[in-house]
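The structure that follows is given in the form of structure tokens.
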Amino acid sequence: MRKSVVKKLIGLGTVMMAAGILAGCSTAKSESKGNPVGKTIKIGVNMELSGAAAGYGNSQKQGIQLAVDQINKAGGINVDGKKKKITLIIKDNKTSTSTSASVAAQLVNKDKVNAIVGPATTNAGTAQIPNITKAAVPSVSPSATDPNFTLQKSGKVQPYVFRACYQNNFQGSTAAKFAYTDLKTKRVAVLADNSSDYGTGLAKAFKKTYKGKVAASQYFQEGDKDFNAILTSFKNKKIDAIYAPGYYSELGLIVKQARQAGINVPIIGSDGMADPKLAQIAGDKNASNVYYTTPFSTRVASQNGTAKKFMNAFKERYNEEAPTFSALAYDSVNMIKDAIETEKSADSAKIAAGLAKVKNFDGVTGKITIDSKHNANKPIVVETLTNGKVSAATEIK
Amino acid sequence: MTTILKVEHLEKVFGGLTAVADVSMQLKNDELVALIGPNGAGKTTLFNLLTGVIPPTAGMIYFREKEKLVSINNKKTYQIADLGFARTFQNIRLFKNMTVLDNVLVAMTNQYKEGFIKSVLRFPSFYRTEDEILKKARDLLAIFDLDKDMYKLASNLPYGVQRRLEIVRGLAMKPKILFLDEPAAGMNPEETADLTRLIRQIQQQFHITVLLIEHDMSLVMNLAQRIYVLDQGKLLAKGTPSEIQHDKSVIKAYLGEEG
Amino acid sequence: MIVLKANFKYNVCWLIIMIAGFYIMNTLIMIGVIDSFIENMFVTIWINIILATGLNLIIGFAGQFSLGHAGFMAIGAYVTAIVTQKAASLGGFYASFVIGVIVAVIAALLVGIPTLRLRGDYLAIATMGAAEIIRIIINNMKITNGPAGMFNIPQFATWPIVYIMMCVTTIIIVNFINSRGGRVIKSVREDEIAAEAMGINTTKWKLAAFVLGAATAAIAGSLHASYLQTIAPNDFGIMESISILIIVVLGGVGSVTGTFLAAVVLGVLDTVLQDFGTLRMVIYAVALILIMVFKPSGLLGTWELSIRRLFNRIKRRSV
Amino acid sequence: MQTFFQQLINGLSLGSIYALLALGYTMVYGIIKLINFAHGDIYMLGAFWGYYVINVWHFNFLLALLSAMVICGICGVVIEYLAYRPLRHSPRITALITAIGVSFFLENGMAYLFGSNARDFPQVVKQVNYDIGGVRISNIQLEILITSCILMLILQLIIKRTKMGRAMRAVSVDNDAAELVGVNLNRTISFTFALGSAMAGAAGVMIGLYYNSIDPLMGLTPGIKAFVAAVVGGIGSVPGAL
């Protein structure tokens, strides 16, 4: 009697396992050919609207909404002769990878979107890749900067993943060249944001390219407020400049506290600090001798018609200067529009094909060409802040 | 009658205060010994020393393991308990949110083995062990008329029954010595009479040594074969109940303290 | 064999429920009622169930207040990510489970031995600190790719595997609770001094519960990494530990059924709230406060679903 | 040596702000043994209130500080009344989860109303740096140091010299016994929350002035840090905190 019970139990267990494995095979493989276009073109937004990166996510949301409203006001996107309007579906991913995956699944399966804009961070961005790839829906991230973001493990490009921003290697090495050649520095200190790939990736690229000596290297965390200890330690290192890649909320404080501590050497940063709020937090007087690499320059913008129009429209609608994040998001939407127009179709798989062909697209953040690795190639500019205002912009070739 | 527990010159000092000083005593097999003394005499401290809850400052405690007396000074509480020491507490310490049955089963923990794999995968041998141990626990509870409340939570029992359960839980450990810390505290005379019967029953049925701390003199005089009197940490007197009743120093200590 | 016979019926019932659940899920997917979005929601809920039952074992049954569950989850997740990137096969995936559990057990021993003598809030701080140390180590290691996290992790954890693992870990934990070990850790929770006087090595048993909880957390981490294909150190911070704790407390400390219910309720709530943008967390917070104020002991308290009781009730009714 | 003094000055001015925050934390912990996760968010509320009144109503620093203390005190009492009081006899872990809920509510509520971007705090006090032997001290640092010392002194006086303070100390030792000797438990706990939250509000305004940057999540890190300090430091008792 006892033995038969064991057998029964083991038997049941095996049946269950086998069923599981079989079912796994039978369900997992359902290839999709993408979402066809309906009455309107549906664009999903998978964005960090709450959580740690909410500030950046909300800026991007503003840019996206502005772009969509402008397109719809003009009648919509011309899809093979017919004008179709855009429906925007905005969802919050809490700055969390698992929620981002869930949001992406909902967008592509439930809402049947034709393309996705977002997320803002690399981590949330990579989390959505499996779901959108399964559904063959392309995504354009305005600000996921990790070099491998658009690549598969094998090094092949992810077919449905695009970005509108620079990747870290490009921006970091540009900053290194600028620091060595233009600013003629020999010894720099690196102070990078350690809580995301953005800061560490840029710091790594900078150190690799910089020809002078990196005299000190320190990290800080997102949300840190007090940098006095680190800055004081830099003071004795006889440095010519500080390279500090990160976002404006911390960088503003770093600039402020460095100047207060009497460190007046140039501070070089990245596009994360290309925001009017930087000077507000640092104080206009302190925000001098500050440089950052950016695709989007208010100065360059005055010569660039697209950018000028965007700046004015943004200011009119939100009553503040447009931050870089909004500009990148604005470009992301318009890149999708461009792709639809080239392919003459708004089916999701076609949009992906179109995005790969984007060339010399006239964006707010410069003339954008998508390369074979789905990175956005565009000119890079180093802006100089003096007394909180952009005083010069140098284009780096 | 062999000596089962031997205490030599035991001393405990808290800060500057001597709680127990130079206490020597012996317990023999199957004896029922009472430890009395006024409040603050150090009775509970002595209990805690014997059960390893606190380490002594000086002196030795020996316990009979097989044929010889072994020092248990440096053993931890659970190791000492495992040797065959069971105790109750002055203010009942049952596992309140567990059933009566579980309370007893916990006390039996060291009497059976259930490997992790065996219990998690529910091998038939797991059920066999469970069966056996459940039967044992049930039988024990039945002796003390607790089997009808088996699945009740311990906290839902009346006070007197909780006291009884705590003693039964101690017995479930199959101890060689049972320490009872004021078992009659808070009981009315009727309940105390029940308790007297209970303790006597335990003595007769289980053949174990009992050390009893008690204030209730009727209980002590009724039950104890020998009595130790503790006053201000020192051993004041020892002997049979009648000897103690007539001991002058004891009378003085009690009258002096309690009027 | 009384107990065996009596229990056989109930065990078979449970098994049938589990298999039925599996086939219902499978059929619904086949006929297209459940799309990959709902599947995603279910898998997230199941992983949360694994995490929360493990934590409930530590908090609810052993009575030790741990705030570092996410740290052990991180260990499992990173081990699976690293191993399956090197050996991308189903075998490698299962091996990573084992390695992850072993590493997590070692970490739990290292954390537990010194900290489990602490009580209450002190233990909470110590475990929180330990989890934070794990996270910072991961954040600064090369092999884990630093703060950028790891992505392109091959997906082996499909929903059936997650489902089966959830069933298996739940069976392990529930069976543990209803055995000698479970009774002992409950007695330690109830009264440590009395348990010690019963001859129970309380430190050892607390450690056992802690280690078992950590091991299941590592399994959940492995599944999380392999299903999501992306992990980053920031996923495993104090907020993750807190969100697991919320599931446990909301369901009822000391009720596995409650943990299941709370994980489902919170999982559905979380998905529904995706459309609310910034307002989402406000609604979530209000819901949390209201539930706690009106049901302070959690949704189910310490109540457990028991087929035995169900049977008995039906029998009584029919008589 | 110079570096050391510089760090000391920086540490002192910042430390005094955190001390105000930790004090409130400890008082609440000491009295009802609740880890008040939302305390850091009250400090955030204080900072935002300061931001608002200085920008819109053009308050000066002192007025902003005092009004923030009043507002935060009221917030603290309301939170205690609505969220914590019903749970006073529930398991402590329930109260902890509620506190986390309140914290989420405040953070995300503020993010919803005002956006989650960091914003610059209006500089009501013009910064002047003094250079003493190579060590830089700003008037803002001095002002912060002096203000927080005064506040701590007042707190000390309230706890040591007033009837309410005595009640607080009694409750922190044993609330049942305190109630038996006629202490009004509810009033004492409310008062403690008011006092602690007012201190947090003051800290919020000062941190805004010091860093010039505030955002809805700013209370999170100091909140957890203060929690660690409150428990590890073993300063659960009110007199111990001082």
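Order of writing sets the labels: A, B, C and D. Residues in every chain begin at 1.
As a convention for this text, contacts are C-beta pairs under 8 Å (C-beta built on N, C-alpha and C of every residue); 3 or more make two chains touch, one makes a residue touch a chain.
Everything numeric here is computed off the predicted structure, so don't read it as measured data.
Looking at contact counts per chain pair, the maximum sits at A-C. With centres computed from CA atoms alone, C is the chain lying nearest the middle of all the protein shown. Averaging Cα atoms per chain gives one point for each, and the point farthest from that of chain B is the centre of A. Inter-chain centre distance (chain B to chain D, centres taken as mean C-alpha positions): 51 Å. Averaging C-alpha coordinates per chain places the centre of chain A 33 Å away from that of chain C. Averaging C-alpha coordinates per chain places the centre of chain A 70 Å away from that of chain B. One inter-chain figure worth recording: chain B and chain C are separated by 41 Å, centre to centre, where each centre is the mean of the chain's CA atoms. Taken residue by residue, chain D touches two or more other chains at 108, 111, 116, whereas all remaining positions touch fewer. Within chain C, residues 1, 4, 11, 278, 280-281 each touch two or more of the remaining chains.
Shown for chain A are the residues in touch with two or more other chains, namely 2, 5, 50, 52, 54, 58. In the complex of the two chains, the chain A residues touching chain D come out as 50, 52, 54-55, 58-59, 223, 225-226, 228-229, 232-233, 235-236, 248-249, 252-253, 256, 260-262, 277, 280-283. Chain C makes touch with chain B in their complex at residues 1-4, 7, 11, 171-172, 175-176, 179-181, 183-184, 186-187, 190-191, 193-202, 302. Looking at the complex, you find that chain D touches chain A at residues 3, 6-7, 10, 14, 108, 111, 115-120, 123, 127, 129, 136, 138, 207, 211-213, 215, 217-218, 220-221.
Looking at the complex, you find that chain B touches chain C at residues 51, 53, 76-79, 81-82, 86-87, 89, 93-98, 102-103, 105-107, 109-110, 112, 114, 116, 119-122, 124, 126-128, 130-131, 134, 169, 173.
On the side of chain C, the complex with chain A involves touching residues 1, 4, 8, 11-12, 15, 18-19, 22-23, 26, 29-30, 35-37, 39-41, 44, 85, 139-140, 146-149, 151-152, 154-155, 158-161, 163-164, 224, 228-232, 234-235, 270-271, 273-278, 280-281.
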